[in-house]
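Chain lettering (A, B, C, D, E, F, G and H) follows the sequence in which the chains are written, and residue indices restart at 1 in each chain.
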Amino acid sequence: MDEPRILKVLEAVRDGTLGPREAADRLRLLPFEDLGFAKIDHHRALRCGFPEVVFCQGKTVEQVVRIVARLVERKGPVLATRAVPDVFEAVQAEQPEAVYHAAAQAIVVPSEEACAPAGGTVALVSAGTSDQAVAEEARVTAEVMGCPVETFYDVGVAGLHRLLAHAEAITRASVVVVVAGMEGALASVVGGIVNAPVIAVPTSVGYGASFAGLAPLLTMLNSCAAGVGVVNIDNGFGGGYLAALIARAAGQK
Amino acid sequence: MDEPRILKVLEAVRDGTLGPREAADRLRLLPFEDLGFAKIDHHRALRCGFPEVVFCQGKTVEQVVRIVARLVERKGPVLATRAVPDVFEAVQAEQPEAVYHAAAQAIVVPSEEACAPAGGTVALVSAGTSDQAVAEEARVTAEVMGCPVETFYDVGVAGLHRLLAHAEAITRASVVVVVAGMEGALASVVGGIVNAPVIAVPTSVGYGASFAGLAPLLTMLNSCAAGVGVVNIDNGFGGGYLAALIARAAGQK
Amino acid sequence: MDEPRILKVLEAVRDGTLGPREAADRLRLLPFEDLGFAKIDHHRALRCGFPEVVFCQGKTVEQVVRIVARLVERKGPVLATRAVPDVFEAVQAEQPEAVYHAAAQAIVVPSEEACAPAGGTVALVSAGTSDQAVAEEARVTAEVMGCPVETFYDVGVAGLHRLLAHAEAITRASVVVVVAGMEGALASVVGGIVNAPVIAVPTSVGYGASFAGLAPLLTMLNSCAAGVGVVNIDNGFGGGYLAALIARAAGQK
Amino acid sequence: MDEPRILKVLEAVRDGTLGPREAADRLRLLPFEDLGFAKIDHHRALRCGFPEVVFCQGKTVEQVVRIVARLVERKGPVLATRAVPDVFEAVQAEQPEAVYHAAAQAIVVPSEEACAPAGGTVALVSAGTSDQAVAEEARVTAEVMGCPVETFYDVGVAGLHRLLAHAEAITRASVVVVVAGMEGALASVVGGIVNAPVIAVPTSVGYGASFAGLAPLLTMLNSCAAGVGVVNIDNGFGGGYLAALIARAAGQK
Amino acid sequence: MDEPRILKVLEAVRDGTLGPREAADRLRLLPFEDLGFAKIDHHRALRCGFPEVVFCQGKTVEQVVRIVARLVERKGPVLATRAVPDVFEAVQAEQPEAVYHAAAQAIVVPSEEACAPAGGTVALVSAGTSDQAVAEEARVTAEVMGCPVETFYDVGVAGLHRLLAHAEAITRASVVVVVAGMEGALASVVGGIVNAPVIAVPTSVGYGASFAGLAPLLTMLNSCAAGVGVVNIDNGFGGGYLAALIARAAGQK
Amino acid sequence: MDEPRILKVLEAVRDGTLGPREAADRLRLLPFEDLGFAKIDHHRALRCGFPEVVFCQGKTVEQVVRIVARLVERKGPVLATRAVPDVFEAVQAEQPEAVYHAAAQAIVVPSEEACAPAGGTVALVSAGTSDQAVAEEARVTAEVMGCPVETFYDVGVAGLHRLLAHAEAITRASVVVVVAGMEGALASVVGGIVNAPVIAVPTSVGYGASFAGLAPLLTMLNSCAAGVGVVNIDNGFGGGYLAALIARAAGQK
Amino acid sequence: MDEPRILKVLEAVRDGTLGPREAADRLRLLPFEDLGFAKIDHHRALRCGFPEVVFCQGKTVEQVVRIVARLVERKGPVLATRAVPDVFEAVQAEQPEAVYHAAAQAIVVPSEEACAPAGGTVALVSAGTSDQAVAEEARVTAEVMGCPVETFYDVGVAGLHRLLAHAEAITRASVVVVVAGMEGALASVVGGIVNAPVIAVPTSVGYGASFAGLAPLLTMLNSCAAGVGVVNIDNGFGGGYLAALIARAAGQK
Amino acid sequence: MDEPRILKVLEAVRDGTLGPREAADRLRLLPFEDLGFAKIDHHRALRCGFPEVVFCQGKTVEQVVRIVARLVERKGPVLATRAVPDVFEAVQAEQPEAVYHAAAQAIVVPSEEACAPAGGTVALVSAGTSDQAVAEEARVTAEVMGCPVETFYDVGVAGLHRLLAHAEAITRASVVVVVAGMEGALASVVGGIVNAPVIAVPTSVGYGASFAGLAPLLTMLNSCAAGVGVVNIDNGFGGGYLAALIARAAGQK
C-alpha cells in the first residue's frame, strides 16, 4: 500500500520533528484517501478491468475528449457511453486504440493492464429489436469488465416459444440481464425460469401509458419471481456493470 | 314494442284532436325512452340474462335491500357485488331465492325469465391465490349472463410450467379473462399464447411500488401481445361482463 | 399438423434406433414449437387474415424494408403502422403490391391466401377530427383482418345530437371501437347506448391536464357503463385488432 | 361606513392635535381593514346571505361549537360542513335554531338579516346515488345563499335517456352544477347540452384507477365542451358557493 | 322554429297518409335535432355572439382555412385559437374581414348578426408577462362574446402592492378571470379580495416542479378562498368563454 | 432425473404399444415439467436451502397454516413472511419445529435436507431503527438460504462517521444489502465505498413527500454509484433472496 | 478538543513504542470521529442548545422511553416529536423535568448546559387553525434551540387583511417560517412582503386534489417570490430547526 | 421616508382644505405602497445589493433588452438569468458595463450604489460536472448580492473521499448550497456534516427514473439530516438568493 503522506506525518512524529497534537491537526487536513480508507487502496487488485466511465450525453465533444484523455492516464480501460459517431471520431483522433460499438453507442479505450477474466458468465436477454441499443450497452460494459456474455435477443413474451427454446442455455449463466420495454413482463418470466440472479433493465421503448419506461420499471419492481434486481430506465451500462460484478464474484473463490 | 305515450300523441294527431305543431311540442317533452331510441326497447330480446347490478360498497344494508327489491321487480336477474355476509342475510330475508357466492362477495337473485345460454365459453385465468376474490367476481358475473366459465387459478408466470400445462385448454375458449396483481405479466404471456380476445383485470394485490394496482394496470395496457383489452383495477365484475358480451356474440350467429 | 422433428424422434424410438432415455433428452432440446404446444399449429386455420405487424416508429427505413420482406415470405398479409410516406416509398420499391393508407400512416401488403371474411361487423366511433389518425389505424387493421368496418367520425359528446343521430346504426355492430382524446367521455356515452362490447382507445389529443392522454385513459378505465375494455393511448392498431378478434368470433359459430 | 380609527386619526390632524407625519406613521400601524380597502366595507350590502363557513372535519366537537358561536355573533348565517350528527347535537344545544341536513352532513344556523333572494336559479345534476352527499352539500350551500335549486339526481351517462328526459328543464337554469364520480363524463355531456355556465364537482366515488377522484377531475378539466369550471374533488360546498355567486349575479341587474 | 321533418311526419299523420305506428318508426330514425331537443332551437336567441371555435394547433393550414370557411357560412362570429401568423395569412386571403390578435395568437372573423352586449363586465388579472399570451386569448374570447374586459396584467403576488393598488377596480367586475403560472397563488389572493365568481386559468409558465402547469392547477383547485372555478392549463379560451357566459347572465335579467 | 411419465410414453413407443403420432398427442397433454424443461429438474441440486415462501399478509390464519403444511411436505425449508404472532402460534401447533423471528415477523420451518453453506457473505446495512423490520426480513431470508450475514444497523448518512467506521468491514462482504427509508441516500454512499454488488431495499419509513417509499425508491434507481440493483419498497425478503443468490454464486466455483 | 485515541496512537509513535506503519494501520481502524473530522469536535461549542431529537411516530412507548434516557445522558436537551400523551406520561415517569407541549405533540427534556440565546428572531406565520399542530412543532423546536419566536396564526390569504395587519411586525424577524396547507399560497405572499429568508412548511391539511400536501408543496417550490426554502410536508420540526440555524447565525457575528 | 402622496393628503387635512371623511376616501384610492406598508420603504437600506432579476427563458431578445433598461434606471444591480450569448450581445449594446457569466448563462449589470458586503460566507457544493451550470447561477447570484462564495465542485457521493477531503472547509461557511442531480444524495451527506443551514438545489441532470429532477427533489425534501431547505429543480438563482439572504443576516448584527 502506497500511503506517502500519512506515513510522512507519522515518521516525522517518530523522528520527533512533529508533536503528536500538531500531527493530529495535520492528519485532519489530508485528503480522505491518504488516511487509508477502504476503497481506493484496498481493492486496487480486484478492480483491474473495471472501466472508468464517461456519460457523454449532454457533454460537448471537447469535454468528452478531455475527460477521456485524463482517464486514460489512470491506466484503466475507459468506457464512454451514449457517444454519437462524431464524439468517437474526435476521441479516436487522440486515442488511436479507441474502438466504437455503434449499436451500443459506446467507445472503449482498452487498458494495457492485463486482468484475469471473470469466472462467471452473463446471459443477456432482450425483448424486442428496439431494446437492442440498451442491451448492447450492457453487453459492451460487461465484456470490458472481463465477463463472457451470451446474448438472446428478440425473445419477448408475445412469442413465448422463442424464449423457452433458449431456456436451457439461459439457465447455465451465473447471472442474467433482462432488457425490456413495453410492459417489461420478460423479467418475470425469465425470473421464473432461472435460479441465477436476474438484473432487470427497463427501457423507454413503447408509447402512451408506458410513460417513457415507467410501466416496465414498475413491472420489474413488482416481479412475482424472487431474485430480480432493477436498475434505472435505459441504464444498460448499470445493468451490465452490476451483472459483471456478480459474474466476477462467481468466479472468485 | 310498448310505446304508449308516443302512440297516444300520434293517434291524437290522426284523430284531429291535436295539431301537428302542438304534437311536436309535446313530443319534445316526453321522456327520452318514449321516443323509441335504441337501447331500451330495441334490444330487450338480446338482453335476457343481463343482470341488473348493485355495487354494494359504500351503501348501507338498507339501501342495498331496497335497491335489490326494486330491481327484482324488473324481472331480470340481480347481481350485487362487494356484498359482505351481513348484506346477504338482509337481502335473503326479503328475497329467499337469493344465493351468496362467498369468495366473490356476490349475491345473485336469479331471474325466472329463461334465456338461451351463450354460444361461446370463457376461460378465466388468475395469477395468485390473493387474486381469487376478483376472479370469482368475474366468474359469477359471466355465469349469471349464461356463459360457461372454465377456471385456471394460481398459474402465475413465476411458475410458468403451471400455465403452459393448461395452454391447450385455455386456447379453446372464445374469450380469456386474465386476473393478476403484482406486476401483471400474466396477461402478456396469455396474450402471446391464445388467439382469442383477452380481457385483462389488474388487481390491487401487491405492495410498495405496485401502487395499489397501478403497476399491473400499466403492464396490461402496454402488453406486447396484441388483442388485450383492460378494465379497471379489481374490476372483476367488469371483466366478467365484457367477456360474457363477447362469448354471447360468439354464439349468436 | 406438421410436426416433423418430434415425429422423427418418436419414429426412431419405434424403430429401435433411439432409446427412450436418449429420446427424452433430445426432446428437451427441441425448439418449443416443435413440441406441439398450442398456438403455432393449432390455430393456423383460424389465423388466416391475421396480419404480421411492424411498428415502424423508431426504426430506420432500411430496417422496415428488411423486416417487411421477411414477413412477406411467411405468406400472411403484412401491416406496417406509423409509417411515414418515405417508408412507404421504400417498401413499395420492393413490394409493388403494397398499399398506403395515408391518414392511418399504415402500409398493407396483401396476402394471397384467401380467407373467409369475419361474420361480425365493427362500428368505429371517434370524437374529433384530431382523433382521426388513430381511428384510421384501427379501421385499416380491422379491415386487413377481414372485418367490415362502419365509421362514425366527429361525433364527440359536446354535440351529443350528432352521436344520437347514429345511435341506431351503431347498436347494430358486433363490437364498437371508440376513439377519443380530450376527456374521453365518448366511451361512456357509447357504452351506455349499445349492448355490444366496446373497445375504448384513448388518444393523446388535448393539452395541459390531458397529460398526453392520461385523462381519457383514466376516464375510459372508470367508465360507469359496463362492457368497456381499454387499450393503450393512441393504440389504434390494438383497438382494431381486438375488435377484429371479437368480430371474427361473432361470425364463427 | 363605520371607520372609527382612521377617522379619529384624520380628525386629530384636522384639529391640529396630530402632525401629518405622525399621522402617517400611525395609519401604517392600523389593521388593514380600518384603512378601508375594498372587501370588508364596500361589499357588505351585496354579501347578505353569504354564509360564514366552518369545515368541521378534523376539528373537535368543542372547537366547532366555539367557532360557530363566534360566527353567530357576526349576524350572518353560519354553514358548518362535514358535520357528523354528534357535532350537530352539540351545536344545537347552544344554537337552538340550528338545522341539520343529514344527507349533506351540514349544519345551518339561519340569520335574522333578511336578504333579497337571488335572481337566477341553480340546476344541480348528479350522476349516481353515491354522489348524493356531495350534491346535497352543494344544494344546502346554494340555498343558504338565497338561490332556488332544482335537483336532477341519478342521471349518469350510462343511462343517457334519464338525463335527456330532463334536458329541457336543466337548460332553463342560470347555472348548472354537475356532481359526478367514476369517470365524470356527465360534466361534458351536460356542457354539450346547456348554454349556461357549468360548475363541475368531481367526487371520490369509484375505486382503482379513479385514484380517489383524480379520474373525474381530469375528465372535467379536459371537457371538450366549453363553459365548464371545476372545483376540488368532493367540494360540494365550493360548487354550490360558486354557483350561487353566479346565480346572484344573474339576478342583479 | 324551423322543424321541417318532424312537422312533415306529423302533418302526414293528420292528413291520414301515414299511420301512427309507421310515424313512430319514422320519428325514431330522424336525426336527433329534428326532434327538437333543447339546445339547437331553444337557445338560438341567447347564443348570438357565441363564437364558433377552431383549435388550430395540430391542424394544417389548409384544414383551418376549410373549417373557417364552413363556419363562416353559419353566420356566427368565428374564433380560431393558437393560430400562428401563417395560418392567419391563409385565412385572410379568403376572409378579408378576418382580424389577427397577435399576442393571443387568435383570429376573429366578425359576424354580421348584431347582438346585444353583455350586461356584466370581466376583470382579467394576470401574474407575469409570460402569462400574457394565455390572458390575451381569454380577453379576445370574452370580447368576441360581447363582454367588456378590463385587464390588470403583471400583478403577481410577489409584488402584492401592485395587485392591491387595483383591488377596488377589480372588485367592480361581474366576474374575474385570473391567469397565473409558477405557483398560481394569485387566484387565492384575488378570491380573498372579491365577492364575484373567479375563473382561474393555470398556465404552463414555470419550470422544474411546476410540472408544466400542474403546480398552479393544484393550487387553484385547493384555493382556500371560496368561489373559484378552474379550467385546464393554458386554456385562455375556456376561461374567457366561461367568464363571458357569467357576464352575459349578469346582464340578462 | 425422475421423469416417469415422459419415459413411460417413450417406452410404450419403443415397445410398439403406442404409435408415434399418438405419442406426440399424448406428450402435448403432459404437464409442462414432465417434458423436462429447465428449471424443475435441472437445478434441484443447486436449490437445496432455497425456501418455499408464503407471503402471509392478506391471508387468513387458516390459509397460512394449510399452505405451510403443504410446503413442508416438499421437504425444503419454509419461510413465511409478514406473519403476526397469532399466525405463528397456529403454525407452530402443527409444525412444532417452526421458529419465529419477531422483529422480522417471519416464521421459519427448517428443512431436514442438509445443504452446503454459501461460499460468500452478505453485509446488511440499514439506515434507521425504523428500517429494522425490513432489514431483519432480509437477514432471516438470506440465513435460511445458508448465507452468513453481518449486520450494520442504524448507520444512516446523517451521522456519516458511524457508517465510515464500519467501511472496512462492509467492503469485505461478497454482496451488500442496503435498507433505507426517508431519502434513501445510504445506498449511494455505500455504493461509492464498496466494489461488491449492492442490493438496495427502499422502505416506506418516512412521511409526507416520501410518498410511502417512492422517494427512496427513486433515489436508489438513480444512484450515481454504479453496481446498485433495486427491489420493491419494503421488500426485505426480495433483497435477502437476491443477495443470497449472489453470495451462493460467489462460493460456487 | 478531546481526542484521546488518535493522540494516544501518535504519542506512542513519538515514544517509539509504535512504528509509523503500524500506527497507520491502527488509525484506519479507529471510529471515524476519533480521526477528528469536522462535525463532532469542531462545532461542539456552537451546538449548545441543539436538541437531540426522537421521532416517536411508529415507535413503541418503551422504545421512546429507552431512547430518551440514552440521549439525556449526553447532556443536550432532548426533543421528542409526534408524541401522544401516553408517551409523555411514560417518559415523565423517568424524566421528571420533561415538559409536554400538547398542541405540538412534543416532549422537551431541558438541558442543564447553559447556552447563549440566538441573536436573531423567528416569525412563525400559519394559514389556518388546522395547521396549528405543525406550526407549534416548529415553535417548540426553535425555542428549544434558544430562539425567540413570535407567532402569527390564522392569517391565510383568503382574508388578506389579517396578514397585512401584521406585515410590519413580521418583517422585523431574522427569518420567517410559513406553515400552510390547502393551496399554500401564504408562502408566496409572505415572501413578497419580507426581505428575510422564508422557510415554507407545507401541511397535509386539505382534501381531494391537495393529495395529502402535494399541492402546497408544489406551490411553495414554485414560489414566484425569491428567498423561499421548503421542507417536507408536515415537517414542523424541520422548519423550526432550519429557522433556528438561521436565527442563530444572525446573532453570531 | 419619501411618502409624498399620503403626506399631501394629511397636510391638506391639517390645513383645513380637506375634510377627514374625504381624506379617508382618497387614502383608500392611493396605490398600496404610498400608504407606507412595510416592504418598500422600511427595508430600502437593507436591500442595497439585492438584484432586480429577469428570467430570460421564453422572452424575446427585444423584451429582455427593454426590461433590463427599465430596471437599470432603478439603480440596483440587474441580474438576467438563462440568457444565451445572443441575448447578452443585445443587452451589452445598450448597457456597456454588462458582464456575461457564460457557464451560468447569466448577465450582470453592476450598480453604482455601494453596499456593505455580507458578513457571512457561502459554501457552494455540487455533485457532478453536469450540475455546474445550475451551480454557477447560484454563485453569480450570491456574489451579486455581496456574498463571498467558495466553490466545491464535482464532489458527489460516489467518490465520498473527495467530499470528505473538503469537509473542514465547508463547515466554516455561514450557509451551504448543495447542487445535485441524479439521486441528490449529496444534500443529506452534507447536511450530516455541517451545522450551518443547507440550501439544496435539485437539478434535472439524469435520465429515466430521475423524471427530470423529481428524484433529487424528493430526496432532498426527505433528507434524514435536519437543517435542509429545498428550492425548485434547476433553480440555481433561488438557491443563491436564499443563501445570500442568510449570509447577509449572519453578518448583520
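Assume contacts are C-beta pairs under 8 Å (C-beta built on N, C-alpha and C of every residue); 3 or more make two chains touch, one makes a residue touch a chain.
It should be emphasised that the depicted structure is a prediction, and the values quoted were computed from it without experimental measurement.
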Both-way neighbours, i.e. chains that touch subunit F and touch subunit D: B, C, G, H
Set of chains whose contacts include both subunit E and subunit A: B, C, G, H
Between D-H and B-F, the pair with more C-beta contacts: D-H
Proportion of interface numbers common to subunit C and subunit D (over half same, under half different): same
Farthest chain relative to subunit H (centres taken as mean CA coordinates): B
Separation of subunit E from subunit F, taking each centre as the mean of its C-alpha atoms, in whole Å: 59
Cα-centroid distance, subunit A relative to subunit G, in whole angstrom: 40
Residues of subunit C touching at least two other chains: 28, 37, 39, 160, 164, 168, 192-193, 208-210, 214, 217, 221-222, 226, 232
Pairwise chain contacts under the document criterion: A-B, A-C, A-F, A-G, A-H, B-C, B-D, B-E, B-F, C-D, C-E, C-F, D-E, D-G, D-H, E-G, E-H, F-G, F-H, G-H
Contacting residues of subunit F [partner subunit G, same complex]: 129-130, 160-162, 164-165, 168, 205, 207-210
Residues on subunit B engaged by subunit E in the complex (per definition of touch): 3, 6-7, 10-11, 13-14, 16, 19-21, 23-25, 27-28, 35-37
Residues on subunit C engaged by subunit A in the complex (per definition of touch): 28-29, 31-33, 37, 39-40, 57-59, 63, 202, 204, 212-214, 217, 232-235
Residue numbers on subunit A that touch subunit F, as the complex places them: 37-39, 42-43, 46-47, 50, 53, 119-120, 164, 167-168, 170-171, 174-175, 192-197, 199, 217, 221-222, 226-232, 237-238, 241-242, 245-246, 249-253
Complex contacts: residues of subunit D adjacent to subunit C: 127-128, 156-160, 182-185, 188-189, 191-193, 206, 208-211, 214-216, 218-226
